[in-house]
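Please find the structures below.
Each of the two complexes below includes chain A, the first together with chain B, the second together with chain C.
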Partner chain A sequence: MRAMCGTEDASDVLVSVLLEGRGIVVNLKSKNKPLFGRMIEIAVRETCLEMNIENAIIEVKDFGALDFVIKARTKTAVRAALKQVN
Partner chain B sequence: MSLDKTFPSYIEGYGTVKPYAGPFATAPSAHRYGPKLSSSKPGDSKIVSNLEAALEKSGIRDGMTISFHHHLRNGDYIVNMVMDKIAEMGIKDITICASSLTNAHEPLIEHIRNGVVTGLHTSGLRGKIGKAQATENILGKPVVFRTHGGRARAIEAGEIKIDIAFIGASACDPMGNMNGVEGKSAFGSMGYPMVDAQYADKVVVITDNICPFPLSKIAIPMQYVDYIIEVESIGDTALIATGATRVTKNPTDLLIAKRAAEVLVASGYIKEGYSFQAGSGGASLAVCKYLKDYMTEHQIVGSFAAGGVTGYLVELLEQGYFKALLDTQTFDVMAVDSIRDNTNHIEMSASMYANPHNKACSAHQLDVMILSATEIDTQFNINSLTGSTGLIMGALGGAPDTAAGAKLTVVVAPTMRKRIPIVVDKVTNIVTPGDTVDVLVTERGISVNPKRQDIQNMLDQAGIKTLSIEDHLKLVEKFTGKPDHISYTDEIVGVVEYRDGTVIDLIYKVKTT
Partner chain C sequence: MKKKLRRTMLFCPANKPKHLFTSMIYEPDCIIFDLEDAVPFNEKVAARDLLVEALKAIDYGQVEVFARINALYTDFGEDDVRALVPAGLKRLRLPMCESEKDVKDLDVLLTEIERAHNIEVGSVKVQCAIETPKGVVNSLAIAQASPRVTSISFGAEDFTRTLGTDRTKAGNELFLARSTVALNANIAGVDAIDTVYADVKDEEGFIKEVESARNLGFSGKSCIHPSQVELVHKIYTPNSKDIEASIKIIEAARNADIEKGGVIVVDGKMIDIPVIAKAERILELAVGAGIQIGGVSI
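This part shows the complex of A and B:
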C-alpha cells in the first residue's frame, strides 16, 4: 500500500511512497517542472539517501513547495511506508 | 538609458523595429491620422436590423483591422458575437486591435487556427490563447502588445488603422449617443473606445438598451457613429462588474502594503493635494487603507486618485480623502454607480489617461504610483506579461505609462509565489523599464533604485531599513533556489512596445520537449 504525506494546497506537495522495485524511481508532476524539476528530484533523492532507502517508487505532486517542505513531506511519507512494512 | 538587448531591425509580420531609448527619448514628428470624412442628412437612420447587415454596410472584407474594448471584462459577449459572424460570412485575414483580451475570448483560438484572425494587437493575453501563442505560435506572427497609453498613441498616429470599431454600450440613443453607465449591462467608463470612435473609418455600436434621443449622459457622441444594432444582451452582468472590490485579508499582502505606506510617508510625497494611483489587486489597493489613517491623522486631502477605479477608491472620494477620481476603466458595481452619479468621478479617454504623444495626460500628473509585478530584476525592470516559464499570461496595462509619469513609483509584491521567485536576476520580459521604477517593497524588505539617492536619503533619515536589490535577490533565492533556464526557439511570438512605439522586448516561442 502507498503511504502518503502532504496536501494539494498551493505551496505544498503531496508525496506518496511505495517501497518496491529496484532503486529510487521519482515520478514528478509540477507546473514548476521546467524551473525546479531537477531540484525537486534532488530533494527527494537526498531524503531517501539520509533514511537509507534504496528501493522505492515515489510519486510527487508538487504545487510550488519549497525544498524544506518537499524533504519533510518525503521523510514522513517514507516513515509511514516503513511502518506499514514492519 | 538603452537596454542591453539587441533586436533585429525588421521583424516579419511586425515591421521596422525602433528600439527603446529611454522613457522620454523618442518624440513624434508626424501628423495625427485622420479617418475618412462622412456626411449625414436629415431623416437618416442608423439602426440596422442585425449584425450581418451592419458588417455588410460597414464594408467588411478580407484583411481588415477591427477594434474592440474590454470594459465588459470576463462577461463580454461582443468579441465572440462579432467574430463568429465574420467567420460565418467567410471573411478571412482579420487583424484584431483590442484594448485587452480576457478569458471570455478563448473562442478566438478557433478563429486563429482557421485563418479568420491573422493579427492581434492587445494589452494582454491570458489562458489558453496566451499558452497557444507562446508554445505554438498559432498566429504565425507576433502579437503586438501595447500599453493603454501606447494603444491610444498608435491609433492617433495612424500606426494602426482601424477599419471598423465595435463598441459595446449599455445605453445608446437612435443616433448613437452612448454611455456605459446606464442600463442592465452598465460597466462604467468608456475610456478605451473613446479613442477608437474618433479614428476608425466605421463605428458600429452594439447595445442592449436603446433609449430615446437625446441620451442625457454622453460618453461617446453620435458624430462618430455609423450603425447601431440592438441585441438581447451585450454581456453576462454577473461577470461585467463584480460586487465592491474589498481590500485583501492576506496577511503577507497587508504587511507589504503597510511597509509601502511607511515608505510613501517617509518619502515626503503624501502631502496636501497629492495625487495617487494603485493597481486593483493584492497589496496595491491595501496601501490606500494605511495611507487613509495617515491622511486622517495629518488632515491631508489629496487632489485626485486615478486608474482602474474600484469601490474602495469611491469610498475615499465620498469620505473626502480625494477631491476627484479620474477613470478609464471601472471595476465594480459601486464604482459604476459612482461614475454615473458623482460629478467628481470623471470619465477619461485612454489618450487623456496615458498617451505620451498628446499635449497632457493624467499619468504625467501623478505623484505616487503603486504597481504590482510578476517579476522584478536587479535593474528594477518589471515584467507583468509573461510567466517565469515563458507563457504569456498577463498584460502591460497602464503600468509603463504611470511608472514613467509618476514622481514616485513603488512596486509591491511578495518575494515568491508557489516557489517562483518574484525578485530575479533578469526578468523574462521587460514591460516597465527600471529607469522608471523607484522602490521595491516585499514582505522581506525594501530596496531603493540606486538612481533615486534622494529617496534613499529620506528613508535613511526616517530610520527605515533597506537592503540592496542584489541582497534582496540572494535572500529570496536562499528559499526558492536558483531556477533552471527556460529554452526558447528563435521564433518571435510577441513584440512588446513601449508607450512611445519603440520596441522594449521580444517574446520568443518556448521550446517544448
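This part shows the complex of A and C:
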C-alpha cells in the first residue's frame, strides 16, 4: 500500500511512497520538469538517504514546491510507509 | 541598548507551505508558525516536518520566529519540541499554560534537548500563552517560572470558552484578565502580548482594541491577517511630536544629572525618573520602528 503526503495546491507537492522494488525509483510529474526535474529528484533521493531507505518506488506530482517542501513531504510519506510495513 | 520589539506576532498555519516562505514579506516583528489549533489532527506530523525543513532552509532575517507547539499533555507536544529545537528553533509558544509547573516541565525538556544537541543551555526562549482563568490567576508565577520566559500572551477565545461566556466587541468580560496579564508581565519584566481580533474586516474595532491593549500595558498584539500588521505598527510607533519631546526630556535630564534621582522643569512640566523612563520607552519604540534619532543614544 502506498503512503502519501502533500496536496495539489500551488507551491506544494504530492509524494506517494511504496517501499518495494530495488533501489530508489523516482517518477516525477511536473510542469517544471525540464528546468527543475533534476533538483526535485535530488531532493527526494537525499531524503531517502538521510532516512536509510534503499528500496522504494516514489511518485512525485509537483506543483511548484520549493526544495524544503519536497524534502518535508517525502520525509512524512516515507515515515508513513515505514509505519505501514511495521 | 536596542530592545527587540514584539509589536506584532503574525500567526501562520504551519501546514501550508506557501505561508512558510511568504509570511516575512509583511514585516511583522514576529511570526508564529502554528502547529496547534490551525492544523487538522491528521496533518500534525506533516506540518511539523514542513516547519522543520523550513527552519533549516529559510533565512527569516530580523523577524523573530516562534512555533506554537501542541500542548505538552497531547500526543504531539513533546515530539514538536524534540523535532524543532535541533532544526534551529529558538522561540516557542506554550499553549494553555496554567501553572508554574507547565513552564518547569518544558524547561526540563528543553534543557535535555539542548544538551543532547550541543545547543547552549537556556538559549531557547518561551512565550507562555495564558488562556484560562487559572492561567490568568497564576500568570505572575508563570512569567517568573524560568529565565526562558520572555513574554506571556493572552488568549481570549479559550479564556471565554473556559469561563463559559461569550466574547463581545466591548470586551468587558476580558478587562480584568487582560489587565492582570499585562500587570504581571510588567512585574516579571517580560513582554505582554494581547489576544487576536478575529473579525479581520472590522478595521475600526481592531484599531480600538489595539489602542486599548497598548494603554493597558501590552507590548504587542497577536495578528491573524497580514493587513493587521501595519495597523498595529502605526499605533505602536510614536509620532514626531512625542519623539521631539522625549529627546528634549532626556537631554535635559542628562545635562542636569537627574537620571538617578531629582527633579527639573522642562517647558513648564515637572521631569523626574518616571517621566524620563517614559521618554526612553518612546525613543526605544521609535528606534525599533526604524526611525533615526539624532544626537541621543538610547
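Rule of thumb we're sticking to: the second predicted complex is superposed on the first by the 86 of 86 C-alpha atoms of A that agree within 3 Å, B and C clash if a C-alpha of one lies under 4 Å from a C-alpha of the other, contacts with A are read in each partner's own complex, and residues count from 1 in each chain.
The rule we apply is simple: a residue touches a chain if its C-beta (ideal position, glycine included) is under 8 Å from a C-beta of that chain, and two chains touch if they have at least 3 such contacts.
Not measured: the values here are computed from a predicted model.
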item: First, second, both or neither for A:78, with chain B first and chain C second; value: neither
item: Partner chain(s) touched by A:58 [first = chain B, second = chain C, both, neither]; value: neither
item: Chain B versus chain C as contact partner of A:17, first or second or both or neither; value: neither
item: Touched partner set for A:5, first chain B, second chain C, both or neither; value: second
item: Partner chain in contact with A:48 - chain B first, chain C second, else both or neither; value: neither
item: First, second, both or neither for A:26, with chain B first and chain C second; value: neither
item: Partner chain(s) touched by A:36 [first = chain B, second = chain C, both, neither]; value: first
item: Footprint overlap on chain A, comparing chain B with chain C; value: 10-11, 65-67
item: Contacting residues of chain A [partner chain B, same complex]; value: 10-11, 31-32, 34-39, 63-67
item: Chain B residues touching chain A - in the complex, by the definition given at the top; value: 388-389, 417-420, 479-481, 483-484, 486
item: Chain C-facing residues of chain A, complex; value: 5-6, 9-12, 65-69, 71-73, 75-76, 79
item: Parts of chain C lying in touch with chain A, wherever the complex brings them together; value: 16-18, 20-21, 45-46, 49-50, 52-54, 56-58
